[in-house]
């Protein structure tokens, strides 16, 4: 059984070493991935200078090329997304913007460099917004070439207008724990096969180039 | 001070006489509106046969024309929206689809029949989705000509993946109560003025027709 | 190679026999699926009486149970979605609401009846909204257990505020044609494997029931 | 008639002096505002260092406090938003995140510092996404205290999957031009009155503080 690797992006707005609810949820995801033999690392996006733009390299001082390399060297991408104003954090949207470049980096069969990789989500906020953040990310990630497993998201939010953080809870709610396990299990199942069986791509795409 | 009227649409999926969380929240909104001298009625959409379509009258058996008349006879529209799968219920979307017809019913100055009216929201679900439902409805309602006050929504949702209903709570959460009051206060403030001071419209629109 | 079947749901608001842009796009998807050996049928939702609700059977006169059976007898679900007010049509949301029942119909390993099936999208409108409709549907479909392939959507919309329909175009735009081919190719690739290799599910789920 | 002022935020990802489609649309909005006697300035967000965070001042080097001051010194806020991956650009989301601080800066009557101000939108992209960006921004802006006029958005997008920019068009499409005029007219109408007639706020909020 081939060994799988994962990159987990924490899109919190708080730089290290501030505690992060998203970090906690991602560490739980990573623990579950490890049980399936997956190795991986968490990158806190706000600690890096990812320039605005929609290319794969925005020039001097841009930290994206290294992160992009890490993503494309992995079989699984987990986006850890904070909810703000009911939306994905600006740093999550920044990641999608930078991966928009994949669309102009297709291979001879029209496949983006992300093809053959599976994406999952870990979404967290004080209150409300997890489903919408999931929708935005699923669409963004599938548009740039990732595959989305059944129930590809784990999440936690509190009740309306409350302010306790996920990492202030006494214990992990059973529902989130069960969902984390299901999400990682499904992600790994799909990733293991897809790694060895990438989409076939478009035979005509190559012919177009030949002409 | 002119008297104001409101129409409140309950977009639950459950026909009467089933109890409805949305009904409870709308009755609280109506109580607050009454304190400001507003009279109004709640219509439970699922009890009526509102046909699919995007015109103001979809023919025999269509209950929309009467509801449309009620909406346009009122100064305030409150949409009571249930969250399902993180989205506005199909009945809320149905209402927006039918109001799409307003766009082809502009007056000589290019103003839709809804102009001069204010819309507010009451959103409820077991867990998650209030902000997104708000976004969908604000955009839909403003697109078809309603004006949206500051903090034009009151809502309640429980914590992630829980299943207690709003109308099963022992008491109304203080945050929702305060928000209901703020929403109705803002809605009435704006509606009172806008009723007497409709948008001026486009003087060129009339000229186009003259030619 | 096992034979695959597909169910394609046309969520237009217009009853048969009115021409439907969504029908045209779905017929193009079906043609491509056929090239991969997939057989399938298109169901126009508005021709059937699918009751409001979130159970698998809303009682007398409800046409959903038969459609649900068709979906779960197929390996691939293609949702054909019309854009109204920038959102999925009320009939598309209705379908998601009825599939919400899958969440309470999990098997001993916690897998919904939809598990092992792949979903793709065909989205069409006069102007604007395809990405958002895609987001809403991907999230809804993955939440109720479907798997989403890379680039699992084909679509067409015109430029801002224009009114020509997809089925009024002289010819199919090359971009949409190429996207239809990529979407169906990816959907079939994934569906063929997943049919024979369903997600393993949660071994603890069974244990919980045993206790 | 009191004089009104506007702040227009260009949320393109491209730093000056690169040409920007959003800049063009905002300059058209500004021209229309000027016809109504409104003065204003455009700020290109990417030229400034607006730190990640959700407070009104994220410390040394943060350019937000000056921009925040400009917004709150104006009667009208126009958000110029680029569409990327079908969503508001990361810089537009960044602006919303920073205005989230308004919620903890309410006055004695529970009114945010943004109360009494009107917000409008100018949305632009190559293809698709204007309605969804509008939804996200309306909800975000109303949540942090702005009022949204009827038809408070002007926009342009091309047909599906095309790549011409708004500022490459030979002329401004008539539909966008007419919409720009309607949007500015409605925004000014509302802003002029609201400036002199702010929402009354919550009398009980003050009492709570007194106790």
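A, B, C and D are the chain letters, set down in written order, and residue numbers restart from 1 in every chain.
We take it that a residue touches a chain if its C-beta (ideal position, glycine included) is under 8 Å from a C-beta of that chain, and two chains touch if they have at least 3 such contacts.
Everything quoted here is computed from the prediction, not taken from an experiment.
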Starting at chain A, fewest touch steps before arriving at chain C: 1
Pair exhibiting more inter-chain C-beta contacts, B-D or C-D: B-D
Greatest separation from chain C - chain, by CA centre: D
Centre-to-centre distance between chain D and chain C (centres being mean Cα positions), rounded to whole Å: 36
Centre distance in Å when chain A and chain D are each reduced to the mean of their C-alpha atoms: 29
Chain B and chain D, separation of their C-alpha mean positions in angstrom: 24
Touching two or more other chains - residue numbers and ranges from chain D: 85-87, 131-132, 134-136, 139-140, 143
Residue numbers on chain B that touch chain D, as the complex places them: 110, 112, 114-115, 131-132, 134-136, 138-140, 142-143, 145-153, 178, 181-182, 185-186, 189-190, 193, 197, 199-202, 204
Footprint of chain B on chain A - complex, ascending: 85-87, 127-132, 134-135, 155-162, 173, 175-176, 179
Complex contact set, residues of chain A against chain D: 13-15, 46, 52-54, 84-91, 93-94, 96-97, 100, 136, 139-140, 143-144
